[in-house]
Amino acid sequence: MASDTLTGSTRTDAEISGLDALETAGRQRGPSRVRRAWSALWPKLAALALAIAFWQVVVWTGWKDPWALPGPATVFADLGHYLVSSALWDGLATTGRRAAVGFAAAVAVGLVLGLAVARVAVLRAALGSMITALQTMPSIAWFPLAILLFQLSEQAIFFVVVLGAAPSVANGVIHGVDYVPPLLVRAGRNLGARGLHLYRYVIAPAALPAIVAGLKQGWAFAWRSLMAGELLVVIATRTSIGAQLTYARELNEAPRLMAIMIVILVVGLLVDAAFGAADKAIRRRWGVLDQAGN
Amino acid sequence: MASDTLTGSTRTDAEISGLDALETAGRQRGPSRVRRAWSALWPKLAALALAIAFWQVVVWTGWKDPWALPGPATVFADLGHYLVSSALWDGLATTGRRAAVGFAAAVAVGLVLGLAVARVAVLRAALGSMITALQTMPSIAWFPLAILLFQLSEQAIFFVVVLGAAPSVANGVIHGVDYVPPLLVRAGRNLGARGLHLYRYVIAPAALPAIVAGLKQGWAFAWRSLMAGELLVVIATRTSIGAQLTYARELNEAPRLMAIMIVILVVGLLVDAAFGAADKAIRRRWGVLDQAGN
Amino acid sequence: MTSTTTTPRSATGSVALRGVTKVYGQGEHAVLALDGVSLDVAPGEFVCLVGASGCGKSTLLNLVAGLDRASGGRIELGEGVNPGLMFQEPALFPWLTVEANVEVPLKLRGLPRAERRAKVADLLRTVHLAEFGRKRPHELSGGMRQRVALARTLALDTPVLLMDEPFGALDAMTRDILHDELERIWSERRLSVLFVTHNVREAARLADRIILLSSRPGRIIWSTRVDVPRPRRIDSPEIATIAAEVTDRLRTEVGRHGQ
Amino acid sequence: MTSTTTTPRSATGSVALRGVTKVYGQGEHAVLALDGVSLDVAPGEFVCLVGASGCGKSTLLNLVAGLDRASGGRIELGEGVNPGLMFQEPALFPWLTVEANVEVPLKLRGLPRAERRAKVADLLRTVHLAEFGRKRPHELSGGMRQRVALARTLALDTPVLLMDEPFGALDAMTRDILHDELERIWSERRLSVLFVTHNVREAARLADRIILLSSRPGRIIWSTRVDVPRPRRIDSPEIATIAAEVTDRLRTEVGRHGQ
Amino acid sequence: ACGDDTGDAAAGPVTLRLGYFPNITHAPAVVGVEKGIFKEKLGSDVTLETKTFNAGPAAIEAVFSGALDATYIGPNPTVNAFSKSKGEAVRVVSGAASGGVALVVKPDITSVEQLRGKKIATPQLGNTQDVALRYWLKEKGLNTTKEGGGDVTVVPQENAQTVDTFASGAIDGAWVPEPYVSRLVNAGGKVLVDERDLWPDRKFVITNLLVSTKFLKAHPDVVKKLVEGQVAANEFVNTKPDEAQQAISDHIGKITGKPLDVKLIKQAWPTLEFTNDPIASSLKTGLDHAVAVGLTQPVDLNGLYDLKFLNEVLKAQGKPEVTQP
């Protein structure tokens, strides 16, 4: 009945050949860090190169006037200026801070609301369907209320962001809780987990994958609401990405608009990388990682 | 080894008493249709009543001027006019059609994209993180491109709606596929399901709950993008909810704005009811329904 | 969701079922899983439950554990007793390591960290998985998972233990060893055990009393005391004799129902 | 994900393993589950695999089924043979009814509707679940689920059957009946069967050959032919003798490893 | 068959795609469409397609991408379109409206000095009204900065929001166009400055008619007819104000689902002047002011105006011609 891993006791020849096989297998499946990074990177670069090439070709055909559809060169030149301007970094700082604070608030509200609705039957009957309905309410509809409640303070922006993102987070939580395997809930209950403990030890971790998915969707809602909401209060000394985006459009600055879009995409990519890492960690734990080639 | 359900063979007294117990239990847990409907309805009505009462009280306190914050009476009076106006029904018809077509297109694109990205390693590396990044792009950033591609036609609206909703659907699909229990995939493969068949018989149904959740989030994105996108192409003869919402806001018609918000909420509730029914059917099948009181 | 029919009246460690009935589903599709089952487990008694596949054994344990509501009848447990149930499937938490799984009930009981560690190590040694503490459930074999579940249930430290085919996925040797361990813990802690198994020798090896359940509807149709003195050996002739008798009864019962 | 080391060279129905090695994990945490296992299953042969919990039996079946990649060695199967594997857990599709679960492999083979129906009904009768076709997996007992999984695997209609403790959750009577059914199907279809069990009597009852696997690393350490003529009875003295011998060997092996 | 360079003036039916805002400052456009004036003037050879917008950028995007041939639009987007396309994409062929802009403040503010430390809203950073406010403040000795610092805090925000924020007391005033001037007055505000008083002849451009250069080159005759329509529409607006006001209210109702209160239109009406003169000088001056307050680089407006047709039409009708800058 002794159980020994490879690092334990002495080994016979056969076992050592087994170890050799392991090494080989290891080399096949787990290439070096550099190669792994490269294999994650080249498809992205290829996709990017393809997209830019296509764009350039379209521009060369002269399909549209250059002021309507600027070429990559123009846009990247503008992006270059933008990258060294304080406008970008100040804007990113302001918008990033608002996004972080607003999203954090939305997550807090969404988690509490989601858990409450998921497990309390009366609340679910009363508010359950309201959550999706609220989710479909466009941000601009909340603007008057935001101003009524918070005047021209940053809170008005947060209000819009939270109203935009919290329902999405809550829906993720509800979905996750709904699909927790009943066997695990029963196991938890039998092990003595009741009430909050049941949440903490069973329901929350079991629903975690769905909650992370909900957070990801919530982030997208938060960010989009923020882009609109930042126009609500164009505060004095603080420029923001949302305001810059709208102004670029209002001034018909196509290259600048596209430069800002690229910045937004990059921010989105970074945030997705964070969510992706979290998700991958969960999947590794759960043993569902090795299904596709990733 | 015979197996018999209650409707099979003859029964002894004890079994009949068991049946009686069943009836009692049945009556306790499964009340009549009317009572069930009522128990689903009253919390909603109570929540509604509470919300309206609170609103009325706030208005009575005179916290804000009536043109800034109209009372329930004013709003419901306006809603009454709105309900009998052709504006609402024409707008709903236009917007509803656009939402349905746009969402359908977004679902098609999202499903294909999601499945492809979830299972093809290169695509995932190339596009995976781009999906969330695209999701965070605000609709207005796409407007110039939409007009470039589709001029001032309805397709421009669909373009914005699809770009808004498809990433969300795709993310739902990817999440669902990622968490398909490996055991079921193995079982499917062993039963002879490869390639498309594996999708059809195993992966798609196993991921269905997450896909439905993704569709729900996608709907919210689609609707919100539509509300903004409908301003892109305003055809004088065809009024739409999105245009009405914006104009109500621009003209500071607080009661009308609130009436439109109520209409949007009601549409959201109806759509949520459809998703809810789908989700409940799935949960019943999977045997995860009886966890909370619903 | 605790059974409303659970009235804590009896002595600690005792379990009493009075005419317990359980119906699944409603109307046409209803299945009568248990029909008027009355059963007493005395404190410190080891009762084995045998019966055909699908006769309602798991249902019975679920009801006693308070995880399901009986459709009729009463279940009485000692004051404040929360019976530990070892499910038919391992039901481990996939997001936790083996150690952490076993630790959950200890955490829930609020034990200090050092004590928890010692207990977990001890329990994993008991089920012969001391070296697997840091693995995750999906890295274990079927039998190993079952043993982790056993360790987790034992960690509950409750006077009533409900076990649903706990050793079904184990080889004979490992099973023998765990029989000894379980018997030791049972007598040390004076546990009341309700134990479901398909292995009649196992039943005879462990039980003070063996109870036979009929199929659809599940009813108690026969029971016998096992008066063989302990320690017992599973391959002893006395055990074989009792096992043969139980098998005969079972055969008659299943035959009665058979096609 | 089909094993690249599977070279289809041998006759239909035969299975050949040549020095198969399987390592889970990497580096420090690597576990050598199988170490140079060589094994031949002749067409139409019934081979039972026994061994301690966690010794690598399931791993072996997974490799033969092509669901996992061997770390070393070769596995040879008949041309175009896709062995049917009955997993240790039922692995039913929760979104399908019992009938629909059994129907999946038939659908995948493109059988017409009427034929599928007849086959499903037939298979459910074989596992004594004819009346449970419309239920969903979560409405079944553990043993019932196992029987559905058996029916589903039999529906595959492949010349090589890999079975991982298929009757572990069944009572002795139901198990006896299914032994007969399995033996009938095996001889009718001339199947090659690789059968994992912890029940040495079951092994002796069914097998042409019994193979004993050692624990960590998993290696074949002993094997024996069962020359008792069929039909056999599980409670016959010949079977008991063989079972006793296997138990002895197993005990020695586990004892060697034991603490 | 429209908007491209190949189109021949004489051949085949032409579609004219015209944009405008359902708004009081676009009264000639709204009335021209609602009363069929454009249709009549364009004749049966030209199909008129109208599109409405609620803001300038989308209209300019549409012109840039060839989805729109002509649009009524304010001075700001006009300059943007001209400068962003390096003077190529668009031409102004007529004026439409003048005036209709004012600084509305809380009633307790009665002098410029009292604006010190107050918050005043404008529709958008760097737009005509924003520049006008900042330049005026500068002349009065009050500093402002782009970032909202200085003696007076300038808060750029959407006009709709300005009404909300003014009503809720978050801002002290706003430099806005009609109908927001009237709306702010109704919300308890008081006109402190009527922008007309700051301009020669009390005239400055608020709306003009823009056509895409391509369309102008391809279909000069159609553009001429469009200008005829514009002149006729202005005629209508100026001679039958009641009918025009009702038409505007109805038209807005069609798009927004709720007719605009005619009272509001009547209230705003006197502050506006519907003239065919694009008042090019005011655009130029406005731009100089923007440069002066540091909001833009100088822009060369040479070639923006093409008033040949307008003057032909006016001449034919015996009306005074306008000056081509």
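We just call them A, B, C, D and E in the order they show up, numbering each chain from 1.
By definition in this document, contacts are C-beta pairs under 8 Å (C-beta built on N, C-alpha and C of every residue); 3 or more make two chains touch, one makes a residue touch a chain.
These numbers were taken from a predicted model, which means no experiment stands behind them.
Student: Going by the stated contact rule, which chains contact subunit A and subunit D alike?
Tutor: Touches both subunit A and subunit D: B, C.
Student: Where the centre means the average of the CA atoms, what chain is farthest from subunit C?
Tutor: Farthest by centroid: E.
Student: Round to the nearest whole Å and give the separation of the Cα centres of subunit D and subunit E.
Tutor: 82
Student: Could you grab the centroid distance between subunit B and subunit E? Build each centroid from C-alpha atoms only and quote it in angstrom.
Tutor: 41
Student: Can you compute the centre-to-centre distance for subunit A and subunit B, using the mean CA position of each chain? Integer Å is fine.
Tutor: Measuring from centre to centre gives 20 Å for this pair.
Student: Going by the touch rule set out above, which residues of subunit B reach two or more other chains?
Tutor: 1, 3-5, 64, 68, 143-144, 148, 182, 246, 249, 286-287
Student: Among the residues of subunit C, which ones contact at least 2 other chains?
Tutor: Only 31, 52, 54, 89, 128, 138-139, 173-174, 177, 254, 258-259 qualify.
Student: Counting only residues that touch at least two other chains, what does the list for subunit E look like?
Tutor: 57, 61, 65-66, 158, 164, 168
Student: Could you list, by residue number, the parts of subunit E that touch subunit B in their complex?
Tutor: For subunit E paired with subunit B, touching residues are 17, 22, 33, 50-54, 57-58, 61-62, 65-68, 158-160, 163-164, 167-168, 183, 187, 251-258, 260.
Student: Can you list the residues on subunit D that touch subunit B in the complex?
Tutor: 1, 62, 65, 67, 82-85, 87, 89, 91-96, 104-105, 107-109, 128-132, 136-139, 152, 156, 173-174, 177
Student: Touching residues of subunit A toward subunit C in the complex: what are they?
Tutor: Listed in rising order, the residues of subunit A that touch subunit C are 1, 3-5, 8, 183-184, 186-193, 197, 201-202, 205-206, 208, 282, 285-287.
Student: Taking the complex as given, what residues does subunit A use to touch subunit E?
Tutor: Listed in rising order, the residues are 64-65, 67-68, 143-144, 147-148, 151-152, 231-239, 247, 249-254.
Student: Hey, which residues of subunit B end up touching subunit A in the complex?
Tutor: By the definition above, subunit B touches subunit A via 39-44, 46-47, 64, 68-69, 118-141, 143-144, 148, 167-168, 171-172, 175, 177-182, 185, 209-210, 213-214, 216-217, 219-221, 223-224, 227-228, 242, 245-246, 249, 254, 257, 260-261, 264-269, 271-273, 275-276, 279, 283, 286-288, 290-294.
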